[in-house]
Amino acid sequence: MRGRLIKDRIFELVVIAFSLAALVPLFVILVYVFKKGLPVINWSFLTHLPKPVGVKGGGVANALVGTAFLVLIASVTSIPLGIWAGIYLSENKNSPISEFVRVSVDVLQATPSIVVGILAYIWLVKPIGHFSALSGGVALGIMMLPMVVRSTEEVLNLVPHYLKEASLALGVSYPRTVLKVLLPSGIPGIVSGILLGVSRVAGETAPLLFTAFGNQFMNWNILKPMNALPLLIFNYAMSPYEEWKRLAWGASVLLILLVMVGNIISRMVSEKWKVKF
Amino acid sequence: MKKRGAFNFSLLVAALAVGTVLIAAALSMTIASLPALRAFGLKFFFSPDWDPVSNKFGALPFLLGTLITSFLALFLSLPFSLSISILSGEYLKGKKISSLLKTLVDLIAAVPSVIYGFWGLEVLVPLVRKLEISLGVAPYGVGIFTASLILAVMIIPNAAALAREVIELVPSNLKEAAYALGATRTETLLKVTLPYARGGIMAGILLSLGRALGETMAVTMVIGNSNTIPKSLFSPANTMASVIANEFTEATGDLYYSSLIAIGLTLFVVTAIFGVVGRYVVNRMKIK
Amino acid sequence: MEGEILKTVNLSAYYGKHQVLKSITLSFPENRVTAILGPSGCGKSTFIRCLNRMHELVEGARMEGKVYLRGKDIYEMEPTTVRRKIGMVFQRPNPFPTMTIYDNVIAGYKLGGIKLKKTEADALVEDSLRKAALWEEVKDFLYKRGTFLSGGQQQRLCIARALAMKPEVLLLDEPTSALDPKSTARIEELIQELKKTVTIILVTHNIGQASRVSDFTAFLYLGELVEFGATERVFTVPRDKRTEEYLVGKFG
């Protein structure tokens, strides 16, 4: 009996040890990135363009603007469509169309980001004839779409049936009931899902490699190639110049902060605004 | 009544549009890969020659590169992800610290892959190079082994999150029955809980494998970009995703372009199967 | 008998293939309380849900027959119009959790996109809450969420919400079954007060409640209308054996 108990204890310790060990790389990476990147960040880093090779200083303003543009385009393409489709799924739970759409969402969610890049290339870059922020934004939108659909559906499924009845029984039309009763009750969850989606796609590089492509200069035209934080990190990280790598570390800190803040706000939204039924 | 009709119709259109994205994706990639598949047939997947200069394209090196890195990463990550899921789904179930652990694990997944790649390039590659020197193999630093290490860290959250979910779903009366028979916690875990959650854990493994297969940036940055069949665990190689990332913008010839898309299509089909099967298993567990 | 306001003719209802109501013909007198009495599962709720077209919202549900509101077929009117004229209060209090008490009262207008002037809205809120005997309890925190009220208060808020639409008929679907005895008593008092202005149809499986508050009673059993008449008469000299058995507690 004693042997069994000792084994029990050892097993538990092993489990704890492995779990903690799994978190070590996370901390090591975060500490390293911040150690390298934080000293780089200052006002001029945020407001200036990258300098040519050999010139000291410079910043990542163009990548910041680009990431904002790309996320905006992704949101515009995916959020309204995703919410609408999510409403359909939650209002028509058992229709064959819903089954088909749910499988589509699963597949889209599992699709590797590089494949999404290929799709945006085929659909937008080829017909337009050159790389553009638009195609990059759409690629990120395709990645966000399944997240928005799923979080909308899941959240609406949690809204109790009796609220819908209460509204309909007051003579409120069905569309208004959906838009004014169901959707507002689900909004915190949907917003939280969207924020999570945004912070995920903001860090994506692969779908942008041959869509937004990157740009050394500031660009405000969504039909032209545009830089983005992850693209800049990739390009400068792979470059042989220390000065560029320095910029890449700074950009890495910005990107991590962006993603983490998005994640944290998303959590806060879903917990603090939670509608109590 | 009419308004309701129009509203419902708009919902239906949106839902169908989401489905259409998928169908359009499959169709347009299939069409774009046809030239390559026509030119090489099944040999596309079995030929080891990837030579843009003489317009010969075989994807075998990348298929192997992907399989080796993914399975190696899975193998390396499994003890960690299972431990995390057991710890938070069983030992710490319902405790506050469990949600802290969950948050930290989610954070691993939230770090953008390009940053893993950058860190790998700057920190891990020199370390592996030292290891290779001491082992007496060619000290590239970059290669399959380095890529697998990074991948392993990155996929821990996927398997862990799912496995924890299914472990939490194991009915407590089953476990109590085992305790009542005098089984220790470990015995209950190994002989009752884990076997019961087996399906869901497998699904988690499948989904994280899907993630590993498609992971691009971190791998691209540390795998060394070699288009030949890898000879050892330390050889530089390419995966399906990394070869697309590296060569797509340079693919000048039609056949070259088509071959890269054919690789993308393969990746798409494989991850789709993994994703759907994984989801299906998880959903069935939840209904049960 | 007084003027009838609502009438069903050969009303049958189905869930898929299962028939839950069998050809019910019944008239409801204006400004009276009519209780629909019967054991659970007899189709009481389905019956009143046919009266404001809520039944058709359930997947697979279907009905036959006619329902007339003041002689007009409600199945030829817009469902939203029907539901404004025929209000409903449910078994479980269901105020809107995202809205304040004030907004809950005028929810039918706000959600339905019907504009109200501020003064109109204020007057309507006060009037409806007074009618629902809730005004004195909530007038100082109208801008708090409705879900902070007690169960009984929430149910009266739901009644106020229905009254604010100025309905001609109010359907109450076992409105006290989720409430404690004290709250139940208050709602029963309220029903007596309300019938001066609105016709009430009350579904209940509580024999005592039917006898206390209703003027007329319809007894439903297994989807059939077994008996209908003045409450006093039905309770003292039931004509059907099944009614008698139910009243003495033989089943249900």
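By written order: A, B and C. Residues from 1 in each chain.
As a convention for this text, a residue touches a chain if its C-beta (ideal position, glycine included) is under 8 Å from a C-beta of that chain, and two chains touch if they have at least 3 such contacts.
What you see is a predicted model, and the numbers here were worked out from it, not measured in a lab.
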Chain contact topology (line, ring, star, complete or other): line
Relative to subunit C, chain with the most remote C-alpha centre: B
Innermost chain, taking as reference the mean of every protein Cα atom displayed: A
Averaged-CA centre spacing for the pair subunit C and subunit B, given as whole angstrom: 56
Mean-CA-position distance for subunit C and subunit A (Å): 48
Distance from the mean Cα position of subunit B to that of subunit A, given in whole angstrom: 18
Of all residues in subunit B, the ones touching two or more other chains: none
Residue list for subunit A, restricted to those that touch at least two other chains: 173
In the complex with subunit A, residue positions of subunit B that touch it: 3-4, 7-8, 10-12, 14-19, 21-25, 28-29, 32, 79-84, 86-88, 91, 101, 103-108, 110-119, 121-123, 153, 156, 160, 184-187, 189, 207, 210, 213-217, 221, 241, 244-245, 248-249, 260-261, 264, 267-268, 271-272, 274-276, 278-279
Residues of subunit C touching subunit A in the complex: 52, 54, 57, 59, 80-85, 87-88, 90, 92, 94-98, 107-108, 110-113, 147, 158, 161-162, 165
Touching residues (chain side subunit A, partner subunit C) in the complex: 94, 160, 162-163, 165-173, 176-177, 180-181, 184-185, 275-277
Contacting residues of subunit A [partner subunit B, same complex]: 4-5, 7-8, 11-12, 14-19, 21-23, 25-26, 29-30, 32-33, 81-82, 84-85, 87-89, 91-92, 97-98, 100-101, 103-115, 117-119, 121-123, 142, 145-146, 149, 173-175, 178, 199-200, 203-206, 209-210, 213, 230, 233-234, 237-238, 245, 248-249, 252, 255-256, 259-260, 263, 267
